[in-house]
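Residue numbering begins at 1 within each chain, and the chains themselves are lettered A, B, C, D and E in the order written.
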């Protein structure tokens, strides 16, 4: 499995290496069979919604005064993405970044729009962390979102648009951007919750359940997951901060409070991550202590047994010698006296170990 | 118990996940049966105090020139909180944050008021750290405080208002805000004091009292408590700093010295926390050393006993052999000579170990 | 003793907790029986010096053009301190800070004066670190100093004023402030020197002298002392820096070079503290290594003895068996042959261990 | 081999020590036999390419409006480099830095050009990291590159110029500089990928393959490689940042987006390096745990064997004694009774160890 | 030796403690018997050089337009230094710092000159690090240097002045200052090179050569040396930075490029120091692992020997019992059967350990 992962990574890098800047190459693993295009167009009075079969259909929404949200699933349909790029006049580097799924989360400010790359994260069925790239372009009156595959993260938001829940229908594209980011950040709570449970479970297992190799492996896995999550979530702080501080006309004054709120959530998530990180390192220490304690106990058992019986065995050995002239052997009570001596030594030793609190 | 905690947390997150931004959901655990509302209205000459039965009663204080302090206990009475929000014209995000008790301490500056979230912390009877959220809204002439449950933290302050102790009655709402924060920060000293005592007790127990598993568990608990306290207290530095540096009309020049004073207290508390943190890590090291020392001692006992008796037992074994022709056995003094040899070896070994300082 | 310290600390916090801000409560442990008041009044031509019996006597110096240095020993005389506060128009928080000896070193800038809190540190006779609070108020033409008890730290400075040594008599109150701080900082060198000696002594003892529990205890004590010293000295960097950078009329341009010089000393002291800190942690590591080495040696002795004699004892055991038919036993040279075999095994083992460098 | 490396380094330092600033001394190890000079001259319409035999031939390109890229392989040809320096009016320190291959990556801004030093890094056949210095001078209309030896890192770029792939032919020398740096940064991905594979391989080997000394050595090697890579790559962040933020006329506005893109790549690479660094330290911990676990297992085997047989051997010893009067020996069933007792002890011990989970 | 060092240090501090600021006390250990004064006076056309017998002779160079470099060896000649101070109008604190050799490297900017304190570092014959203070005063047209004792670090520079090598004769006193600092920084390379060799040697010795106590001692020494070097070199970064950024008339624009170059060298040296620092800590870890590995091996030998022979010895013990009725003993083949059983057990054990990879 380790082999598999490393091969996959190699492949991605290879794709990237030596390629012309500006060339579009999808570096992800998901080859969607069909392109999914979904468009929303709404204002406070009305909304339109459509599943489209080609990107050209979406362009009619562009110049309307209403807010347009255009979502694309399937980054392997490079041609379609290029068409969108041309239509919305996107910089070539943006298109390159959309399809290169090994991007770090970031924000790029262009004259007419923001480009934002985020990471969706969730645990799959086999309890492994999966990270999917979501790219967003937000301009006046429109937001474009690009996902690797269909997920349900934005479904709640869609319902809110359809049924005019909350204030989303009353606001512009900046509030839509906020709502999209908020939906992704909300899902990070599930990640850190699962991570917290994993740590607590492992903590319980330290003293009881698993073999030492399993524990060692699990601690290592947790460390690696934490590193992966950190890398996906930490850059968000700067992204949100720059959106909040942005002075252009794209983000309205009243929306910055909402971005401030997301920022607080991000800080909370990253603080939790750092706490878990520290707890995992602490687990490692506890585990080392547990091992040392166990070894200590093993040593005590050995020492007690050996220390009690070694002198007794010596005494028995002495009277097993075959010397002609050994007066004790002739003594009719000799055998009983030896037993008394040996029992006395035994008791003495036990008392000694009791005092040392080894027993 | 670990299971219980994790379930509770899961629940809270679930409540949050996918909810419409702006919707009020109380995420705490305390379901107060009755709403407690308490209002103060004072200036240098006079004061009024009342336990109210509904929030509407409080609104008559609003427009007076006097300073109004309105305290609400019971965050599960969402309707009442919404009414206050409407009356005082609070931003929807503020109401959401008041009832969401998993907030990180923070300050939000709005045009007409400050919104501040703090954490009350105390050890309950079972010596566990409890953290309760206190939210404050401070505007011109009024301060609103929202608590999860009735506590006695502000009682001293109430007495000072009633009996005109100190300068509180002579000052405005900014000084009241200072006094409220100061009351909470003062309680942090009790926390760090208890934490300090716990560490010192554990330090004494390292060499004597508890079993190794208990010590290991207690160190882990202390680490977790420190992390929890840090998370609740560290953001306060920035909060107070921003209040002190605030340039709007809400905080008067002369009050900034008082905020500076609280700031110094916070720094003192956080420094103590960091010192305790370092001491706990250091305890872990000492504990590891203690274990190693104990193992060393066990090993020495085993080694001394084994090393002394192994050659003696060998000698006894030799003369227990049944060879026909063993001249020593025929020697009438043979037995005594062997004893002398064995005693000599014994003494030699003891001297050797004395020199090595193992005895 | 640990108990005693923790009780004292509890007491101090209790005193503080719930007290009206602005109320004066002395939180130190030293109850001076008599108030000591000492005043200096000097310019380049002349100086007056007096031991006063009440603070009122000091007030006549206030309005003179000459530089006045007024020193008070005994923070438990709260009334007197309050009188000074009224006379010099000091902010209530300053008076509170003067008598609250658990202050962190700090500087507060007021309109007409600076308020500075420092920590005098020295090792007492029982080699424990003692920290005493020294507060200073520096205004135009005067410096007030408040000490817990009479110390000799400023005696050198007094001599210099009396005998016009150096430039102190030619300069204003800002130079006097510098000279006072410099005197305190100079004493920190004695602290770090003692600390350095302690570390070197302990380093020597690691391999020879003390029992393992004593070493463990001493390392822990050193760590705690370092933490205490750091806490007292580190804030000074910011204090001096702000004095140097101060732009008001209180600090003259030409004096900033002197503050820069003190600043360099502070940096030197803090660097030494950090180095000692690192050395103590390093000591801990060395100590762990020493323990492991000792255990290794113990194990080797046991292993060598056991490994050599176990096969020999087995051989002796074999020929101690009582089988009827054991041809070797009948052989008249059997006993000698067995001896030869056993000696050969012995030599073989010794050679083996020599090669492994265990002997 | 360690000796060899240290000698080489010594030599380089010696060369540098005491030399006149401004004197050109090549400090690398590669003595190219022949100087390789390669020139490109292009605009959007046309391009010229030439392998030159002397630097003078290159000078004719200088004053053209077209973009000139002049590449030199072989830093030991000091004379030629000096000629270029004179022709392009380079500061003496630049020439010194070009041939001193122990430079740290850096950027120096001069009035008419940028001077940039980078490190090419790759693993050679024996899996050792090789670092080669590449210096670049970028002025209006020209870029000069200086390499230690011929590599293939810029071949892709040359193809793009020849066949007008991408936008390189449409842009100026700033884009060429970007493309050169991008080519080098792209190669860092191969480094971190190999590093990642090495760590994963070692992780697998921890529990199975290698001897402990080999593992210890490999961990040490990985640590050193990480340190080396960090040192070569981390300064790049500042270099790119300064190029992006540069306000002179050399870097056009539109090119800054491309530098921003390279910056993101650098951040990604450095983040990976830090993650690997943490993973290596974590490996060390795991390895220590593995050793402790193994020792624990060894101790258990010894303890079980010794503890079971020591009492049995003692019993056998007792009945091997030669006392005249030992009634058990006369008992015809004595021998069988002793066997029963010994088997009972044996079973009791095994049950005891099963319960302790040692078996 | 540790005693000696600590006494020396104590002495230095004592000298400093309680001294009047501004009083000149030489705190170094070197009492030069004779004052060495050396003066250079040069411009691009000519140079004068003289060994002077008194500082007064030097003053005639002062007001010339030519660059004057005046070097003094022997800080114990306090009178002479005071005369220079008066003549060049140096601030009293500068004179104090020149003779106080426990200074931290620093730069002080005065109106007419810079004052710089640096540390010369080298390994003496007994491989101990020696640090000597070099102070410099650079004003318009002159540089004064003060050394503890005659060294050869500036000899190369003197040659360059005499023979007009490089550009030194063409430049002003700022370039001379650069050249002096550059000469000192160049010598740091020798330090880090020796340090690097020491680390590599120790690394080789870990697995072979030295006793464990020696290794432990050497690691500790290396740590201390690194700390000492860091303390001497790290402040240089800020010093050079401030020279480079200095805006006064003393440093010409064109010289800043040279200071930038020295700055790069300093960064390179400090990076190497940090790498060595990390390598030493890593060595400590490796050493701990080595110890654990060795203990593991010792334990294995013991366990194998004991585990193989303990059951065999038990069997021999059984047939050494003296029961009347032991049928096996009467069996004429009993002895041989027992041997077969014992050999079978032996082989079984060996196979078992082979499978566990302990053999």
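What we mean here is this: a residue touches a chain if its C-beta (ideal position, glycine included) is under 8 Å from a C-beta of that chain, and two chains touch if they have at least 3 such contacts.
Please read these numbers as outputs of a predicted model, since none were measured by experiment.
K.L.:
Hey, if subunit D just vanished and nothing shifted, what pieces would we be looking at?
P.N.:
Components, subunit D removed in thought: just one piece.
K.L.:
Degrees of rotation, nearest 5, to put the Cα trace of subunit B on subunit E?
P.N.:
145
K.L.:
Between subunit C and subunit E, what is the gap in Å from one C-alpha centre to the other?
P.N.:
So the centre of subunit C lies 26 Å away from the centre of subunit E.
K.L.:
Could you state the distance in Å from the CA-based centre of subunit C to that of subunit D?
P.N.:
Computed value for the inter-centroid distance: 42 Å.
K.L.:
For subunit D, write out the residues touching at least two other chains, lowest number first.
P.N.:
Residues 288, 292, 295, 299, 302, 306, 310, 313, 317, 320-322, 326 of subunit D each touch two or more of the other chains.
K.L.:
What graph shape do the protein chains here make by touch: line, ring, star, complete or other?
P.N.:
Here the contact pattern is a ring, one closed loop where every chain has two partners.
K.L.:
State the ordered list of ring chains, commencing at subunit A and continuing via subunit B.
P.N.:
A, B, C, E, D
K.L.:
For subunit D, which residues are in contact with subunit A within the complex?
P.N.:
Touch list, subunit D to subunit A: 156, 160, 165-167, 179, 182-183, 186-187, 189-190, 193, 196-197, 200, 203-204, 207, 257-258, 260-261, 264, 267-268, 271, 275, 278-279, 282, 285-286, 288-290, 292-293, 295-296, 299-300, 302-303, 306-307, 310-311, 313-314, 317-318, 320-326, 358.
K.L.:
Can you name the residues of subunit D that touch subunit E in the complex?
P.N.:
Answer in residue numbers: 2, 5-6, 9-10, 13, 16-18, 20-23, 91-93, 97, 102-104, 106, 108, 110, 212-213, 216, 219-220, 223-224, 227, 231, 284, 287-288, 291-292, 294-295, 298-299, 301-302, 305-306, 309-310, 312-313, 316-317, 319-322, 326, 328-335, 338.
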